[in-house]
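In the two complexes below, chain A is the common chain; its partner is chain B in one and chain C in the other.
On to the complex of A and B.
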């Protein structure tokens, strides 16, 4: 017992500075993330909704009357009884995969084009980064106008070319295509700039040596460029997946806040559960916990895969 | 606008001279990509200058006026919302960066029990979909009577930006040589003194970048602002813009003018920061 106390005291003596410096962050995270998360987990085991949570109307405080329902919420969602969980999950995965794939490949392609001496390079770079400078909600509204069936500029072009106008945001499949297009437009610049940074950190000698050895451009790309980009790619793909999986604004603002639609991803659906109609706090929390678990599992596997590949410390 | 420029030899000769076709193909690809990237922005600027109903004829090229701008500046709450956005974004930035910097430094320089779990927490919190937090936060803020207040929204945005800023700053502090800390320690500075007097001034670009990041994030946030700010006087731009194109009426002309005015400050901040932003983002990541 005495030794434990000594260890703790000695540890405190050595580390109290470090602890003091991280304390504010720990408090912020505990109060604003830890506590709400705990409460979210708790709500997901209850039947809480707008009608039975504690609330204050005027001067009267009404006590909460919701009760525990155990794993009922999870059962309802996972057995597919409520909210078409699996089809929504399927679309969310397709959405994430196609967006991140297009972000990465287009970003890589443009970075490779920009990473060589030529005229107007700086100009191209600025023009290509431009979408990133536009706040996502502004961009989404702008695209909604361009997709407008009757007055949108895209349909105006199609009509001029002699084709029929398309109901971009009405039809379920086209809604999905449009949402992916907007998100790709928004996300490619970040990937491009990050990969460009990665390309410039690859020592020039490596390419020259490979060239001397008679490697074709494709071989140089495969065996010098791609391995050189590994750590940057690992990071941006992980961030990209997390950001896209949780991408709220594009779907919510592009497709509208009205009736349920197939094109909603898990996050926007959870949001609507919580704030529309009879506010279903418990259902929303259940969805939230499930989304978080999915991402955690993904991140753990992803990091393990990366670590295996190149033993980061 | 630039067009493809094949054929002519480059002023700075590349190691191997590109063939004419390769050069033409390169520039064609880049011009096409630039058009896709610029067109939506140029189009919105164009529509915003076409008057209240100009958006209904997107391909007509004549008749410019600034009535959309004078209308949203004079007859809507746009300027109030703009002010709200500035207050909330600046508040979140200052608070967030202050808290994140000390933590980032500690994690970068000191090996202490709890170091790894904390780094993990920073990473994991990135993954938090706001769907998990929004309901509990809504209830908590409601109990504290902080709904529909600047404080409530600022504090909420801190929960989004702090872990990420700490993560980025850790990567940035890692690039400052440890010898500087040692020199400070030799001169009798405390660890905190070293941080405050030596490292903070050196890390100013890194702090600026995280500041820009928090600012841009707060400026563009929709989900929390939509639920937490219920009175029109307290709307941020992200909420206010939705009112132009609601279910009943669609004032796309006003929307485009507002879009332009919202984008200008964000884009200015962005272009100052972007080069460092990416370096910071990926540095934090690769060294996690």
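On to the complex of A and C.
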């Protein structure tokens, strides 16, 4: 014990400057991340809602009357009593998987195209990055107008071709397809740019050598390009999963805040709990912690899988 | 080490100054001065106005400057807050006690909920509520919660049946339909003779209420503590609406933005009838079909099979935040804005309906739209004055949209709505079969 204290003291004595430099960041992180997270965990063990938390209304201070309920909230959600968790989780997983799959494959395709020498390459790159530069809510609202059943451009096009107009955002299945389409449109540019960077870091000689050895284009892609992209791909897919899992704007703004019960993902549902009716702080916090845990578990396993693959090679 | 300490000291000093700034109030008291000596009241009132920023707000801003002229010692901080964000914004500000306005223009559906959470000042007997007997009964009831009045009605509205007179004439329909059966007959006739669609039914749940009231039912029965949305009578009303869609008398509404699409069609003469409130008329008069304002007919909402007709009472109250630092000035402001003269001015300027009987003057009623809605108000139905009143529509909206777009059977949707209400909002209520 005493040795630990001495070690700490000695390390502080020599590195106090580093500690001082780090201190502001630590404080900011503690205030902006640590405190809300701790509060969220705490609230998820209580039955707190808008009517029973402490509040200050002018000169009146109303005392908190909520109480601890232990793991009750988690039990209600996980045992299916609360009724919405598993259906939402199922759709959230489908949504994340399909979006990230399309993001990655389309991004890879475009990056391969743009990586070859061609005329106006810079122009294409700029044009393809545009969807990413538009704020997500602006893009979502424009898509919403295009999907409009009566006055949207998509249905105008379909009727021109002699087909029946489609209720894009009204039907539960089509709603989901539309949402995926919008999110793919929004997310592909990022993947494209990231993969393009990865492609450019693969030494040219590797391709040339493979070509010399008589490898077909597919063999070159399979054995030179893909392995060369591994570290970039691993990171962007992990990021993509986390972002898409929590992609609030597209779902909430595209499908609307009303008639969207089946197409809600976990985060939009947690938002509804927190901001609808008498605000259910406890329920919303429970969902938040569950979402965080799911993503943490995913990230840990994913990283482990990547390192294991590295080790095999 | 010394440098580290001084950084901490600076941070500490900054934090202290920041909190010190928040504590300053000024001239606040209990409202006695507003009654005895209004001229001596001074200070600032922050008002969150939720009216439409382009169409309505300029008229209200004019009233605010008139107030400042009358009470030169009081300054009004005018803030226009978009209607669809105001409820959440106020709740957040009110709960933390920081940044909430002194006076808010609150939808009638929000008022009981705010009152239950303790955010509002009881205005019963205060100078804010001047001559309560002069207010229309429906709006005043909508401002009350558990026998106390928490808001002063500022404007009121209700739904009416808007119709295109030219299309009616072309199809040979000589009078506006008075029951849903007549609506169906007229709509089909118009569709056959003119090619225009019959009646627009918005998939927004608020517009389902006339169908419930027409069967003498409602969403809930507060006195009996019963959820009545899934009762046989309610189902009959909703089935009437579905029948209008199925028979082709009403076009199938779009699931998203359905209301706006219908309004656009009505504006352009592609739709003969629309159920809507006075707030929509300004936009409708901008449409091609209503270049001559005479072409727009307005009558009361049609009756159901019981022969009674009813439309919901909507509108807005001015409410005073319980944590206001200056009740005197807030009361005076609330009272001024809801006085007969100001209501009259707002009504002729914006087209909204006054809440005071004495404000229905000749000038106000000279406008055919206002006089038609004034008549419709006599058949209007106050909404349940329970804290959950505003939230009932959220669950119901999801199912009503599905029912009306023929994606769900009425019974299944109504039962699911009743269950959702009982499990989340009305835990101590029973469900009436």
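Assume the second predicted complex is superposed on the first by the 302 of 313 C-alpha atoms of A that agree within 3 Å, B and C clash if a C-alpha of one lies under 4 Å from a C-alpha of the other, contacts with A are read in each partner's own complex, and residues count from 1 in each chain.
The rule is simple: contacts are C-beta pairs under 8 Å (C-beta built on N, C-alpha and C of every residue); 3 or more make two chains touch, one makes a residue touch a chain.
Being a predicted model, the structure only gives us computed values, none of them experimental.
Once chain A of one complex is fitted onto chain A of the other, the partner contacts of A:99 are absent, as it touches neither chain B nor chain C.
In the superposition on chain A, A:151 contacts both chain B and chain C. In the superposition on chain A, A:62 makes contact with chain C only, not with chain B. Of the two partner chains placed around the shared chain by superposition, chain B and chain C are both touched by A:275.
Of the two partner chains placed by superposition, only chain C is touched by A:169; chain B is not. Judged by the touch definition given at the top, the superposed model places A:50 against chain C, while chain B stays out of reach.
Shared-chain residue A:179: touches no atom of chain B or chain C.
Within chain A, the residues touched by chain B in the first complex and by chain C in the second are 20, 24, 53, 55, 144, 148, 151, 258, 275. Chain B makes touch with chain A in their complex at residues 2, 5, 10, 12, 14, 23, 26-27, 29-30, 33-34, 36-38, 40-41, 43-44, 47, 55-59, 98-100, 102-103, 105-107, 110, 112-115, 118, 121, 123-140, 142-143, 155-156, 158-159, 162-163, 166, 190-192, 195, 216, 219-220, 222-223, 227, 238, 241-242, 245, 247, 252, 255-256, 259, 262-263, 266-267, 270-271, 274, 278-279, 281-282, 285-286. Against chain C, the residues of chain A that register as touching in their complex are 16, 20, 23-24, 27, 50-51, 53, 55-60, 62, 144, 147-151, 167, 169-172, 255-256, 258-261, 275-279.
Of all the residues in chain C, the ones that touch chain A in their complex are 1, 3-4, 7, 11, 88, 91, 94-97, 113, 116-119, 203-204, 254-257, 261, 264-265, 321-325, 387-388, 391, 394, 397-398, 401-402, 405, 407, 424-425.
If you check the complex, the residues on chain A that touch chain B are 11, 14-15, 17-22, 24-26, 28-29, 32-33, 35-37, 39-40, 43, 53-55, 110, 113-114, 116-120, 123-124, 127-139, 141-146, 148, 151-153, 156-157, 160, 185, 188-190, 193-194, 197-198, 231-232, 234-236, 238-239, 242, 245-246, 248-249, 252-253, 258, 266-267, 270-271, 274-275, 281, 284-285, 287-289, 291-292, 295-296, 299, 312.
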